[in-house]
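Look at the two complexes coming up: chain A is in both, with chain B in one and chain C in the other.
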Partner chain A sequence: MARKGLQSLIRLARYTFMRAVAIFFALVVGIFLTIVIANMGGYVDKIKKAQVEESISMSVFTNPAYKNLTTEEKRELIDKLVALELERLGLDKPFIRLDRNFLRSRAFRYLIDALTLNFGFAEHIHSTSGSKRVWIIIKERLPYSVLLFTSANLIVFFTSIYVALVLSRRYGSIWDRLSVSLAPLSTAPPWFYGVILILIFAASLRLLPFGGFVSIPPPKSPFAYALSVILHMILPLSAWFISGIFASVYSWRTFFLIYSSEDYVEMARAKGVPGRELERRYILRPTLPPIITSLALMLISAWMGAIITESVFKWPGLGTLYMEAINSFDTPVIVGLTMIYAYLLGITVFVLDFVYALVDPRIKVGGGSAT
Partner chain B sequence: MEALLKVEDLKLYFRTTKGVVQAVDGVSFELASHTAMVIVGESGCGKSSLAKAILRLLPRNTHTYTGKIYIDGIDAMSLSDEQFRRQIRWQKISYVAQAAMNALNPVIKVGSQVAEPLLIHRRMRKEEALRKVVETFQIVGVPTDFVDRYPFELSGGMRQRAVIAMALVTNPKLVILDEPTSALDVLTQANIMNALKRIKEEFELTYILITHDIATSSELAERAMVMYAGQIVELGNAGHFYLEPLHPYSQKLMASVPTLREDKELDFIPGQPPSLINPPAGCRFAPRCHKRFSACDREPPMVDYKDGRKIKCHLYA
Partner chain C sequence: MKRLWETLQELTRFKSALVGLGILAFIVALAIYTVIAIPYGEAVRLWRGGEDVWRYNPVNAKPAWISYFTPRKLPQTRVLRSEEHAQMEEETVGKTSRKVTITYQFRYTADLPPSELALVYKPVFKKKSPLVSVTWVTPDGREYTFGRITVKSVSVHGRYWYSVSRDQKLVQLFGTQNVEEGLFCRADDPKRVQKGDHRVVITAYLFEPDASIETELVLYGTVHGLAGTDHLRRDIMVGLLWGTPVALSFGLAASLGTMITSVIIAALGAWFGGFVDSLIQRLTEIRMIIPTLPILIMVGMFFSKSIWVILATLLVLNIIESSVKNYRAIFLQEKNAPYIEAARSYGAGHMRIIFRYLIPRVIPWLIPSFVLAVPSYVFLEAALAVLGLGDPVLPTWGKVLSDAYGRGALFQGHYYWVLEPAFMLMVTGFGFTMIGHALDRIFNPRLREI
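The block that comes next holds the complex of A and B.
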């Protein structure tokens, strides 16, 4: 017995290790692609070089100290300064080399920096406190996105699970058919509904603010502050909700319909298990793994923010930051944002494997099939 | 003797894209206490639908559900769903489903599932209920430590026995068994049939056994009902039925069952069972019947034959 226990422990450890390695490998590939894409395969170098040349020549030509130099001398000085600046920025070395010097290319160094969460400094963007450290910039924006999208996702998730359960019980009813025909409404993105909601509730009716996180100037008392934040959250939450709820209800309804025609559900009904309990023990309980997966992925997606929706509502979160970073080729910020999400996703997927084994006795970690 | 179960003109129709399926079409019968009735018929003749109609396990596409059902003196059709759940389900009738292999929730321990009816209907405490489950497991022949196992850890035969234990745990009067052994090997089948026979005596149960396995069912049956195309075509004592079936369909059906120590040519019925969407007018078996005559174009009456047998055929009118 003890021997068997030890064996399964070894198997578990080996599985855990292999799984971690596989996830990490996928993560490295993903983040490397992000680095290459964010730098446009090295094209960003050219843009930066041009920017450096332009700004240095501007400063030399406008600097009164160099007024007496000839054009020839100024050219020489500029070339020297540009070379110095490019070296300082590391732009004298190639972005990527697909030969045995790959490990010395900047792309590889960026990769190592990203994996060790050493994001360095932003190129242009800075935090409200004035720092250019990517970590500080991200940390400043993170709470806004997490607050808005965690609430939005939780509301969508639990509403749709509840409504879907009710609908799956009333298959073919008017409400059920209505939910099926409304599902395509979710093809429009949240910002589309956002624009409409702003037009109605902010522009026409003047009931709610156009955007932002809190009114300006921010209210002094904590209560008034919270109230103002909630007022600012109503429209983005509603836009997110309207865009997400229909497809979510539809897919969960279909999911529950399939699982509520299992033989054991009918058996439980024959036994006289009351409706609530039937749903809890015979429909939700056996389908927990996919439900938990969906919830977990939804929750971490809040850590990405939503690029366009945040911009529409001027929400000061990660999505807006993403937008700014992409527009200004601020690759350290782009890579930093992507890296955090990549790690979160990797860890979530890794942990979910163990959660499945906890909630479903048929699943054994390590694939030791039971039947 | 007062009938335990009385069914009058029961109808259960389903809505499908092709039309309305008349799965159970005007079924009437009575069943006395402590008897075992076997219902035989081809696949798709409405046997299982009849069971579901009695249990009010209606699928989502139910079109018509009418008739009268009296269980132990209670007018079941007049009860609301909630009343039916409280008064009938597992109180009066329990059920062993056709696919008993999948009749257990895969993520809940067997013991806790078998105990569930006691918690719901008898308001027992969990420990007390589990003691009763262990007792019932001993009766049906399930090792008592299986209480703590999950369904996937049990063999098919053991799962089947656990489901039977679940049907017995609240001592209901009537147990409806829908092909309880069809997915099992022959040895396990015989084992379970013997267990069912023993349990029937011990608990003074009434059985409705639905099967297409005529040979195995003869072990248990006291009454026999033959269904064809959603209707009863023959009803009577099992002894009479197995020796001398009267309806042409029953005769053909029995002729298709191999017997030992008898040199007989196995027979079959030509043609296909009729579609239940637009069943033929008149006698539904007429197109396949070897004894049909002019009267068969008309709906045959339910004829009372001697020994209390009933046959739906013009031949006996």
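The block that comes next holds the complex of A and C.
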């Protein structure tokens, strides 16, 4: 028994490792493509050049050794140093080289920069700590996005599974029919409901805040602070919930209905297995892998929807940062954020693959063939 | 063709599909009507034309039908021309100068003061510009004299706009009240409109023998047209109408293009198997990690905000899409079906089998998902507009929504401005989704049983 457990653990580890490698490969290719797309107009090059010029002129003007030079001489020196540095960085050569010099091309260098989260410096935006490094700015905003959208997605996910199970038990009832006819409500994305909810509850009724994370100035006591945050979360969460729940319930209900008409379920029912257990062991258990796949897809699309939902609610996460970056034309931040989204997608896919492995019997137990 | 007819007939069994078809028919009719009634160039002129086109519209006016839901009578915009609505008197002063007196007499019965007041002078002169001044007599006999200016710079179309609402003297005189309230409300109750006859006397001195002057008194209303106006005095109706063909063509093109490419890719992978298949599988995984919206944002920022560029980018990104996996699974099942074997045995080529036998078999699965995907692209366009990356030329629903949002329509209570484009988006989304759900139930045999 113990040996079997160990075996399945090894299988799990091997599977996870293989998936990690595959996803890392996909991530590298994805980020590389992003860089190529971003650099088609030469924008990344422009950022790099500007940064080189800035840092060199700063160092020349502040260096005491060059104090006695005239401004013209300093300019000349700067130009020379910049040219040297550009040559070192390969900015004087084409962006991509598809020969054995690929490793020395800029495309590859940018890829390494992106993979090591070295996104450079923002042009206008800075973090609350005052830093202009894109990674620090992003790191500061990331938790807000994760907080809002993880909770939003989990609420939608578990509510819809539960409601769908209940509805599939009462097939054809008035609630069931109501849920079917409400399904088209999920056509509209969360940001759309966000606008409508703000209109009703913030603008018209003045019950809830328009947006933001906490009221200004932030309350002093931790309790009041938490309360304020929760008040600010109600509308974005509801927008997400309304947009997600109806389609989710509808598709799960259909899904469970299909599975509960399988022969082995009928058989168990005939044997007199009680309703709850029937659901848990005969309907939920075999359908877990597809359920998790759909959770994965939901989370992935959530990262995208989050951009606009956040900016509608001025939630201080990555989405609002995107909006700010677009409005102030802050290219490094935009490119950095795009990469971060690629990372988030990669991580989401990986984590869900891992969970998938945990629940998929073909990976957990047994040998090569699915039994 | 016969199959299509049968499907349509079957669709009519579903009440929701009937509603959806009705909505779709309405949207399509509206789109066709728009393209014919307001040709592209005209729409762009109406939307991007500049001040001249919109000058006679009020700022942020509500739609006119709102008056049916309120007991109060809301004012419409009135343009009083001196040729029609006023009496003109002329007398000679000195040698060459003349004094022209233009007397307007009009009755004001609305329950709200106008949203803005302006005087338009249309002078004709060579060198010496006319001198004008205005006397406004309210129904209760108060008299205000203001606006003593020389009509010098004449803008396009020979008009000189004088904003009564911003007249320094009146603004100072009325203090906390705005000028419209000051002139149109009762002296004892500054919130209630004094109904009755106003008299506005414009005195103009012309210093040249051939000089002449005509005037227009513009009382801007608080309601305008079917959809109201925005912060630039533009008629929102233009945006709503033109948004329809744009949204339809964007949604349909994106959905159709995505479906066609991903089906073909999936079929190729499933049919040829081996290297091709695993390459496509890996590409699908990579595609999952490329963030669509951020890439579209980058394209919008760096290259072009044109809706067609965005559409093209989207289609390129979607060549390999996550639905490739689903289609592939279906094709793998179909691949071993006897009819495919039969085709093989009579010597059909790869392409013939793929396009004549494999792909037609999955059309029942494709149609519902195609219809269901349309709204998501319609909303995607709106989302990009809300982020400030809307098409720079075309009026779209997303642009209207984004203007409204960006101009604080919610804070200022201009709800109609947000609700109108939102309503169009929602109705379109609903129409497609209702049809899609019904089609799903018709074509999907497993759903049919339950």
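One rule holds in what follows: the second predicted complex is superposed on the first by the 224 of 371 C-alpha atoms of A that agree within 3 Å, B and C clash if a C-alpha of one lies under 4 Å from a C-alpha of the other, contacts with A are read in each partner's own complex, and residues count from 1 in each chain.
We take it that a residue touches a chain if its C-beta (ideal position, glycine included) is under 8 Å from a C-beta of that chain, and two chains touch if they have at least 3 such contacts.
This one's a predicted model, so the numbers in the text were calculated from it and none came from an experiment.
> With both complexes superposed on chain A, which partner does A:37 reach: first (chain B), second (chain C), both or neither?
After superposing on A, A:37 lies in contact with chain C but is clear of chain B.
> Thinking of the overlay built on chain A, is A:210 touched by chain B (first), by chain C (second), by both, or by neither?
In the superposition, A:210 contacts chain C only.
> Once chain A of both complexes is superposed, is A:271 in touch with chain B (first), chain C (second), both, or neither?
In the superposition, A:271 contacts chain B only.
> So, does A:263 touch the first partner chain B, the second partner chain C, both, or neither?
first
> Should A:302 be classified as contacting the first partner (chain B), the second (chain C), both, or neither?
It touches nothing on chain B or chain C.
> Looking at A:329, would you say it contacts chain B, chain C, both, or neither? Reply first, second, both or neither.
Once the two structures are laid over each other on A, A:329 reaches chain C alone.
> In the three-chain superposition, say which chain, chain B or chain C, touches more residues of chain A.
C
> May I ask you to decide whether A:337 touches chain B, chain C, both, or neither, giving the answer as first, second, both or neither?
Second partner only.
> Examine A:171 and indicate which partner it touches, taking first as chain B and second as chain C; both and neither are also allowed.
Touch status of A:171: both partners.
> Using the superposition described at the top, list the residues of chain A that contact chain B and also contact chain C.
171
> In the complex of these two chains, what residues of chain C are touching chain A?
Touch residues, chain C against chain A: 16, 282, 285-286, 288-295, 297-299, 301-303, 322, 375-376, 379, 382-383, 386-389, 401, 405, 410-411, 413, 415, 418-419, 422, 425-426, 429-430, 432-434, 437, 446-447, 449-450.
> Could you pull out which chain B residues touch chain A in their complex?
Going by the criterion above, the answer is residues 55, 57, 60-61, 85-86, 89-91, 94-95, 97, 99, 102-108, 116-117, 120-121, 150, 152-153, 163, 166.
> Write out the stretch or stretches of chain A touching chain C in their complex.
Contacts found on chain A: 22-23, 25-27, 29-30, 33-34, 37-38, 40-41, 43, 171, 180-181, 183-184, 186-189, 191-192, 195-196, 198-199, 202-204, 210, 254, 257-258, 261, 297, 300, 303-304, 307-308, 311-312, 322-323, 326-327, 329, 331, 334-335, 337-338, 341-342, 345-346, 349.
> Under the definition above, what is the set of chain A residues touching chain B in their complex?
So the residues of chain A in touch with chain B come to 171-172, 262-264, 266-274, 281-282, 285-286, 288, 359-362, 370-371.
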